[in-house]
C-alpha cells in the first residue's frame, strides 16, 4: 500500500514538474505525437494528441469524432422500433445492453411493463452481453500491454457467448430483440442447459486470464499506481461503471435503482476497489465478469413461465412526456433521455453513453505519465469508439 | 588460419571462402526459417488454440516461402523525408551483425568458420552492431514513432549488453579461455568430482549466469517482455514502422536469425555446444579422426536441438508475457541484473581460486 | 394523482433550490419515487449547479445537453418529392416544466448516496443563445458543453475551450437544431411511397385503400 | 498460514502451455483447436440466425409495409394491379397486386428484422444462409428471383424453452 501512495505522489510530482516547465518555458524542445486516429491502441478511430518531453506526456488531448454517426439526429426521423435497431450500434460489443434502457424509457412513457418472463430473459441477455463485452476487454488488455495470447483466449470464449446470443435472438452482434412491452420471441429449447455449460467455460476463462495476466508480476508493475483517479474527480467527470467503482465509489445501477429488470431477484456483489489506479479498473472488470456468470446462473434457475410480450398496440405511438432511464451497461452508465410528442417516433433522444464521460477525463489523467502508460491507461479506462461518438 | 577440415584443407582459398559464405548463409537462414515456422507459426498458434497456417504445403510448411514471395513482390518504399541512404542501409547492418556473430560459432570439432582465441570477446562486440542498425533505422525513418523506438532500442540494448558481458565472464573464468571451441571441449571432457557421466556443462555452476544471459538475450532480441522498441500497441512497430517489402523481410529474418544465433551461443557457453559428454563414447579431445568426422556431422544436429530448446523457451516467454515499461526495464537491468552478475563473478572467481 | 404520494427526498431538492435561488427557480415537477425536473432561469444556471452539488449532494455529473423544441419543418423526410410540400404545424410546445424559448439547455446530476437524480433545465435566448458554463462546477461538463456548442450553437460563457469536437472547424450550421435538414433523408425519395401501377380505369384512391 | 505462492510469471507460462497441450490433444479426446478450417469445414448457424432475407413471392401483396418500416430505406417495391380469377365460381374477378420488383439492397440493410416482423402476409423470412458475398458492392442489390431462391434455406422455427407460452397461430 505504501508503495502505491509513493507512486501516486511521484506521478503527481511529475505532473507538477511538467506544469512548471511549461510555465517557466524551461522545457527542452518537445515533440507532438499523434496517437491515432489509426493506431492499434485506440481500437477504433480515436486520436490522442500528446505533447511529449522525452517520453513524458506534458499535455494530452483526445480528438474524438472520427466515427460520429449523428444518432441523436437520426432518432428524430425514425419510429420507436427503428430506433431500437439503431441504438444497438452504439456500443457494438454489448449491443443488447444498449437496447434495454431505451426500451425501458419508452415503456415508462407508455406506462406498460414487460411480463416477468420477459424481464428475466432481458436481464440474462443483458448480463451475457456484459460478459461478451468485458471478456474481450480482458483479452485486449493483454494486447495493449504486449501480451498477444490473452486476446485469442478472449475471442475463443466470447464466441460461446455470442453463439448463445445468436441462437436466442438471431443476431450475433446486433440482436434487436427487445420490443416495447417485452421481447420478440421466447428462448429456443435447450438454451438454458447450454448457457449453464458456457457459464462454466467463462468462469474457467476468468481463471485463465487471472493466471496469465493479472497474476503476472510484469502486468502488475505496469498497472499498479498508474493513472490514479480519486473518487471526487471521478464523480465530477461522471465516470461510471468499473471506472467509478475502482475509485472506491460504491455505486451500481443494477442494485441502486428500481428498474424493470430482474436484478432485485438475484444475489450479487458489487465489487469496489480503493486504489483508483489502472490495475483496480481492470481487476474490477475481471471480478464483474465472474459475478455476471453467477448472476446468469441464478437467473436461469428461476425463470418464471408465461408470456414474453405485454399487450401493446401493433402500431406504437408513445404518449407525450419525458423520461430518463439508465442502466449499468458493460461500459458504465448508459442512459436515454427520451422526449416524445405523442408521435410514432421520439421528438428528441439524448443518448448518455458511458465512454463519452469516461474518456473526457483523459486530459486530466494523462498528465505527467509516460508514453507506454498512455496506452495502459486508455486500455484500462476501456472505451468503445461507437460509444464515444454515437 | 585453420580451415574447414571436413571439406578438406587443400581447397584453394577462393573455394574455401565460397564454402564459408554458403555455410554462413545456411547457418543463419536455416535456423531462422525453422524457428519462424516451428515457433512463430505453429507453437504460437497452438498456444492460442488455433492451427496456424495450414494451406501452403502440408501443415503450412511452405508458408514461409509464400511469405517471402509476398514480401519480395512488394514495393520498396522509403518515406520522402527519410535520410535515404541510412534508411536503406539499416536493415543490412542489422543482418550483418547476425552473420558476423555466426562466424565464430563452432558447430563441430572441425566444422567452424573461423577459430580464434578471443571468440567470446568478439561475439560480445559484434552483437551490439545490430543496435547501430536499429538506431539508424529509427533515426532515418523521419517518423516520430520510429525515433522513439530507435532511441528506446539504443537505451535498452546498451543497458543489457552489460549484464550479458558480466554473465559470460563467469564462464570465461571457469573455462580459463575465451575460445568458444575450447569452452565446448572443456565442458564435455571435464568431470564433476571425478564423475564424468554428463561432462560438466557450465549451467550447473553458472545457473545464475545462464539465467541472466537468457534475460539479456531476450532484451537484446527485443522479444516480449522487453519489446518496447517494437511495441506494436504503442509505437506501431517502432523502428520498423516505415519499412516494407524486402527491407522489412531482412529485419524479420535478422530478428529470428539472431534469436537462433544467440541460442547457439548460449548452448555453447552453458550447455556444452555441439558435443555430448565425450565419456559416452570414450572420445578424447585429441581423439581419433574417425569419431571427429562423425562429430562434424552430428555436432551441428546436436547443437540445433539445443538451440531449438532454448529458442523454444525464448518464444514461449514471448507469447505469454506482457511487456515492461522502459524505465522499469532500465531499473531491472541496472539495479538487479548487474549487481547479481557481479556477485556471480566474485563467487566464481573465489571458487576458481579455491579449487 | 401524483400529489397524493409524498416523496420527501425529491421535494427536498426543490425546497433547497428555492431557498438558494429564490425567483431563479421557475418551475418544478416531481414524479414521486421516480424523477424530478426543475427549470431555472439562465442567469442562475451556474449557481443552481453549485447548489445541486454542494447543498443537495448531487456530486455526480451525468450529462448536459440541449433541446430544440421547434417541430421539424421536414417531418421524417418521407414526403413525395413530386407532390406539393405538406403543411406542418410549427408551434413550439415545451415539455415538462414548460419554457419560454425555442431552445433549452438541460442537464442531469445524480446523488450517489441517496440514489436519485435531478434533471435541470434552463431557457436560452433564441438569437445568439448563451449561458454560463458549468465547467467550474462539474469538470466533466467540459466535453458535453463543447458538443452542445457545436450541435446547437449555444455559447457557454466561461468555457475554456469551445472548439468543435466532431465537425470540421469551418462547418456551418448546427446539426441538431431541428431546422437543419438531415441530408440522408433528402437526397433520395422514400421507397415507401406506393408504387403500384393501376389498372386502366382505376383511380388513385383505390390504390391508397389497399 | 499462506500456501506457498507460485510466481505469476510461471503460472502464465503454465496457462499457455496448457492451451498448447489442449490444442495438440487429438479431437477424439476432446482436444483440438477452437477454430475451424473454413472453406473445408463449416459451422452450422443456429436456426434463428439472421443471415439473409428470403421472399415468398406468392404471398406478397406489395402493401409496402416492409418498405415503409425499413430504417435504412433499402427495400424497393414496384407492382401493378391485375385481374385474378374469382375465388368462388360466378363471383366478380378480384383485383390483386402483382409484384414487379422486390429488391433488397444488402449493402444498406442492417439486418434488424423489422421488415420480417411487420409483414402481415408471411412473405418475408429469415434464412441462416450467409455465403453471398460479392466482389462489387453494387452486386449486393438482390432482386425477387434471388430472394425467392433463398426460400429453400429457410428452416422450421425451433421448439421453445420450457415455460414459454404456446405460440398463437398467426
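Labels A, B, C and D are assigned to the chains in the order they are written; within every chain, residues are numbered from 1.
Following the convention adopted for this analysis, contacts are C-beta pairs under 8 Å (C-beta built on N, C-alpha and C of every residue); 3 or more make two chains touch, one makes a residue touch a chain.
Please read these numbers as outputs of a predicted model, since none were measured by experiment.
Chemist: So which chain ends up closest to the centre of the protein, judged by Cα positions averaged per chain?
Modeler: A
Chemist: Does C-D or A-D have the larger number of C-beta pairs in contact?
Modeler: Pair with more contacting C-beta pairs, C-D versus A-D: A-D.
Chemist: Using mean CA coordinates as chain centres, what's the gap between chain C and chain D in Å?
Modeler: 38
Chemist: Rounded to the nearest whole Å, what is the centre-to-centre distance of chain A and chain D, using the mean of the C-alpha atoms as each centre?
Modeler: Result: the chain centres lie 28 Å from each other.
Chemist: Report the inter-chain centroid distance for chain B and chain C in whole angstrom, where each centroid is the mean of the CA atoms.
Modeler: 65
Chemist: If you average the CA atoms of chain B and of chain D, how far apart do the two points sit, in angstrom?
Modeler: 54
Chemist: By the touch rule stated above, which residues of chain B touch at least two different other chains?
Modeler: Counting only residues that touch two or more other chains, chain B contributes 47-50, 319-321.
Chemist: Return the residues of chain A touching two or more other chains; collapse runs of consecutive numbers into ranges.
Modeler: 78, 149, 153, 156, 212-213, 216, 218-219
Chemist: Mind pulling the residue numbers of chain D that touch at least two other chains?
Modeler: Within chain D, residues 9, 12, 15-16, 19, 34 contact more than one other chain.
Chemist: What chain-chain pairs meet the touch criterion?
Modeler: Pairs satisfying the touch definition: A-B, A-C, A-D, B-D, C-D.
Chemist: So in the complex, the part of chain A that touches chain D is made up of which residues?
Modeler: 78-79, 81-82, 85-86, 88-89, 117, 149, 153, 156, 159, 163, 166-172, 174, 176, 184-192, 208, 211-220, 303-308
Chemist: Going by the contact rule set out above, which residues of chain A touch chain C in the complex?
Modeler: By the definition above, chain A touches chain C via 63-65, 68, 70, 72-74, 76-78, 232-233, 235-239, 249, 251, 256-258, 320-324, 326, 333, 335, 337, 339, 341, 345, 348, 350, 352, 356-357, 360-361, 364, 389.
Chemist: Which of the residues in chain B come into contact with chain A in the complex?
Modeler: Contacts found on chain B: 44, 47-50, 144-145, 148, 224-225, 227-228, 231-236, 319-328.
Chemist: Given the complex with chain C, which residues does chain D contribute to the contact?
Modeler: Touching chain C from chain D are residues 61-64, 67-68, 70, 73-83, 95, 97, 100.
Chemist: Quick check: in the complex, which residue numbers of chain B touch chain D?
Modeler: Touching chain D: residues 43, 45-51, 54, 316-317, 319-321 of chain B.
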